[in-house]
Amino acid sequence: MTVFHIVLLVLLIVCAVAACTSKKLINSVVIFMSFSLVMCIIWFLLESPDLAITEAAVGAGVTSILFFLVLRKIDALNVYIEDEENDDNNENNLAKGEEKGHE
Amino acid sequence: MSKLKENYKDSFSQKFSDFMTGDLEVPDEVHPRKKQAKNNKVIQADEFFSEFTDADDIKRRELYQAFRNRKFMEWINRAYNIISVVVAITIICVLLFTVSFLPAFGDKDNPANNEVSERYIEDGLDETGAVNIVAGMILDYRAFDTFGESNVLFIACCCVLILLRNDDDEPLPDEDVVDFRRDIILEKAAKFLVPVILVFGIYVVLNGHLSPGGGFSGGAIMGAALILFACAYGFERMERIFSYKTFRRITFGALLFYGLAKSYSFFTGANHIESIIPLGTPGAILSSGLILYLNICVGLVVACTMYGFYTLFKRGRI
Amino acid sequence: MDFLRNMPFFCIILSMVSAVIISIMSDRVARVFSLCVIGAVSVMSAITFFYVAGVDQSYTYYMGHFPAPWGNEIRVGILEALTATIFSIVMFASVLGGMKRVFIDVAPKKRNLYYIMVDLLLAALLAMIYTNDLFTGYVFIEIMTISACALIMSRDNGHCLVSAMKYMIMSLIGSGLILFGLSMLYDLTGHLLMSNIKEVIAYNVANGRYELPLTITIGLLCVGIAIKSALFPFHSWLPDAYGYSTATSSALLSSLISKGYIFLLIKIMYRVIGMDVIVSTKIGNVFFVFGVIGMIAGSVRAIAQTDVRRMIAYSSVAQIGYIYMGMGLGTELGMMAAIFHIFAHASAKSMMFIAADGLSYVSNDSKEFRDLSGSAIKNPIAGATFTVGACSMIGIPMLAGFISKVCFADAAINAPTVKLVIVMLALAFSTLLNAVYFMRAIISIYRPVRDEDKGVMHKANPLFIVACIIFVALNVFLGTHAQPIIDFIFEGIDMFA
Amino acid sequence: MLKEIFSHLMTNYYETAAVIIFGIGFTTLLLNKNLIKKIIGFNLMDNAIYLFLASKGYIESRKAPIVVNGVRDMEAYINPIPAGLVLTGIVVSVSVTAIMLALTVKLYRRYHTLDIDEIAIISKKGGI
């Protein structure tokens, strides 16, 4: 049984790392949504079903909707974040992102 | 004597007296002429901001780039990244080192399993009437925390109202009209899904004290049902059932009932007066005293807040 | 169980329920209702103070039907009631004084939301002062953080939004660390009630169990609260947050919110972990060092400011350094000096923010020194209040600041010699720096007005005058009748443990 | 010494995972300048602390604290207190996330960028 716990925890850590290092904003939001779902399963394994339902409904549900709405609102659905070195690449993306938004 | 010199302007005494009287000559480009408040009207942020054309943005970005690209700034950024990684790693190592000294995970005689949790489990059913001990603990033993908790949600909703709500007289943002295209698939799916989700949410709220769930999770599920309905059928039909007025009334009514009911039980508890609320038979729906009604109030507050977040983010008006 | 014991409970519940009621009121009614609630709370807190001073021992009040470790509980002592009274008086005067500015700055539809935040801030402050349960303290820390952030961002200009975001990021790191420390404390002791935790910790320390996790937990809690109350290395969010928000918000933020966190830290030191364990872990020296550096650095930065509100903000970084230096001395005298300085700084700082707002109101809303010159002649009430506040901060006798500086010196004499020398030097140097920038401000606002704009004397609105009178009265009262308050603080500290 | 520490870490593997995720969230917060990434970092930190707190209440081979057919002795159920605390915490982190996202939208409408350093510099120099 503890193997299942450990596998889920490793998956949790992988999701956390992926959510932070992914380049596109929408990727990190989707991975963060999967992070909440894995967290919901872990609550269930830790024998606290209250937390499982709340995390599923509130964490994965509403938080992700808000993230997507914000990305939609600021036309950043396709923004590509480079590292700090080549900032100019980031500029035209932002600019490109903006044009697409205003069409 | 110094006044006679022709360049007494930059003599030490003049500079000192300027400093003392705050008359420091401030070069103009450090403080560009600030936009004067037109006839002292509170400038709506977006209206003030709309005068900046795209040219201003690009000019401003050069200003930022010039500032960033100086050699000095590059060095600072690299140093900042290194220092922050080092700080984070030391924090993780220190915490991991402490975790190895903490009591073992999951064994019976941890300090946390003492007489406090024993009473919750053994007398929980008799004292609060709630089969779900966690719900009984939240809404009866430690009710003051949960009252603070629903106030956190209420205050978060007020914050988002302050930030994102534009006035009623302003025309609807254009993307609201453009955005909503009748999507048959979503509508047909919502026609089936919304009632199911709503019934499930109501079930979770009503059975909060019997099965896992309760006010927070049930309210979030009901909020999700409202969001799906607004998504599928657009805001006009939603406006008929759920306008800003009903939003304010529901939140006000639920939180006021919660506050008054809980202050009654705090007052009777503190002054050792026997409270007249019956506990009922365990296992029945109308059983555990106030917990059912408090669950309903918290469920309503959470549902309205979640829906309120969605509409405020989507179109700036509930 | 006579009726007077319910007063603190009534204060907390009244301010929470009034915040809910305000949500359906219009902004004019909300303003008056919120003021009445704050006035009622300050009267009730005064009644609690006199009741507890009379009974002369602290009592616990069950929030609910179940005794302490199971249900929530608040504990009322002399120190808590005194702090609650002074904080609610300062809040009443700040809200009264800054009311006109709120109706200019905040958009028409959002004024009643502003007063919801003020009331919930009062509720969170009272609950944090009275609570005897750590997790209740954490929930009300969250309410205070969010309402403070709302107070900053309610004025809709660019600077406020940026400083609100910075404030939010720093505070959330702080409350994350506090919750981490709290959950480790729960794991080590199994309790959330403050007095029970203390027994288990004393037992653990006695036979050497869990030595390292306890020190790490104390470190986490202290760093978390230091971040939230803007101690020296973590004060970067403070000048923007206080400098750009409306007058009432910066008055409330500077005088009440950072002090609420410091009061919770004092409670944690005395009632959760025990003063002897704190002294043995030497965390006091860390506070002492950062406090002294904060005093000097805050004052130096304040001199370089050309904007009067940012100057006052930097000076409050220095004053928070004073308080942490007092706590770092480790002796009871040092703690007493720190607590008295909490009261002195709370009353003087909010007075200066409100007065600075009155001055800038007269010189067409500009906060730069250049434009404020001669504004005290146009608005004499605001000028007088600003001068009294500045003199109290410098430490002119007959005012609160002077008494707290005397207490600091008195505490330093009984402290070990190394600390004695450092405190004396730091006190002297920082008072000199205070004098430089406050005198400059007073000189510039009283400079003779150039003849062409010898405008008519500005008649301040009556509410502003009442607020200034309350502030000056509170400051002079603290300055002249300090001895009874110091005795009450000593009694409160003994009763605190 | 190192072996013993490592074996201890293996026994409380939940707390170890929680601390690692806390570290990841904290690093994200420090390194990324994009506001959305910072908010995701905050959520990671908060979820890690709740995992740390909830794993305190778990006891081997015991069931969830719901009284089933009258069994009421303490040996059958886990410790309910951390579950209650974490429920409160989850709702706090949702509200805080909503506020920070609303701030991000307002800042983007005004400054057209998500980079907090750029915003701070422009607001200081640009004066808006």
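Order of writing sets the chain letters: A, B, C and D. Residues in each chain are counted from 1.
Operating definition for what follows: a residue touches a chain if its C-beta (ideal position, glycine included) is under 8 Å from a C-beta of that chain, and two chains touch if they have at least 3 such contacts.
Keep in mind that what you see is a predicted model, and the values were worked out from it rather than measured.
Of all chains, the one whose Cα centroid sits at the greatest distance from that of chain C is A. Note: centroid distance chain B to chain D, computed from Cα atoms, is 15 Å. Between chain B and chain C the centroid-to-centroid distance comes to 24 Å (mean Cα coordinates, whole Å). Here the CA centre of chain A is 38 Å from the CA centre of chain C. Chain centres here are Cα averages; for chain A and chain B they lie 18 Å apart.
For chain C, residues that reach two or more other chains under the stated contact definition are 135, 139, 142, 146, 149, 153, 157-158, 186-187.
Looking at chain D, one finds that residues 13-14, 20, 22, 27, 55-58, 64, 66, 81-83, 87-88, 90-92, 94-96, 98-99, 101, 103-106, 109-110, 112-113, 126, 128 touch two or more other chains.
Annotation for chain B: residues 45, 61, 95, 97, 101-102, 110, 112-113, 116, 120, 132, 134, 142, 145, 149, 152, 155-156, 159, 163, 212, 216, 309, 313 touch two or more other chains. Applying the touch definition to all chain combinations yields A-B, A-D, B-C, B-D, C-D.
Those residues of chain B lying in contact with chain D across their complex are 30-32, 34-35, 45-46, 48-49, 57, 60-61, 63-64, 67, 81, 84-85, 87-89, 91-92, 95-97, 99-102, 104-108, 110, 112-113, 116-118, 120-122, 124-125, 131-134, 137-138, 142, 145-146, 149, 152-153, 155-156, 159-160, 163-164, 211-212, 216, 282, 302, 305, 309, 312-313. Within the complex formed with chain D, the residues of chain A that make contact are 2, 5-6, 9, 12-13, 16-17, 19-20, 25, 28-29, 32, 35-36, 39, 42-43, 46-51, 54-55, 58-59, 62-63, 66-67, 70-71, 73-74, 76, 79, 81, 84, 94, 98. Contact residues on chain C toward chain B in their complex (touch as defined above): 1, 5-6, 9, 13, 16-17, 19-21, 23-24, 61-66, 69-72, 104-110, 113-114, 116-117, 120, 123, 127, 133, 135-136, 139-140, 142-143, 146-147, 149-150, 153-154, 156-158, 184, 186-191, 200, 210, 212-213, 216, 306, 365, 368-370, 372-373, 440, 443-444, 447.
For chain D in complex with chain C, the touching residues are 22, 29, 35, 38, 42, 45-46, 49, 52-53, 56, 81-82, 85, 88-89, 92, 95-96, 99-100, 103-104, 106-107, 110-111, 116, 119-120, 123, 126, 128. For chain D in complex with chain A, the touching residues are 13-14, 17, 20-21, 24-25, 27-28, 32-34, 36-37, 39-41, 43-44, 47, 50-51, 54-55, 57-58, 62-64, 66, 78, 82-83, 86-87, 90-91, 94, 97-98, 101, 104-105, 108-109, 112-114.
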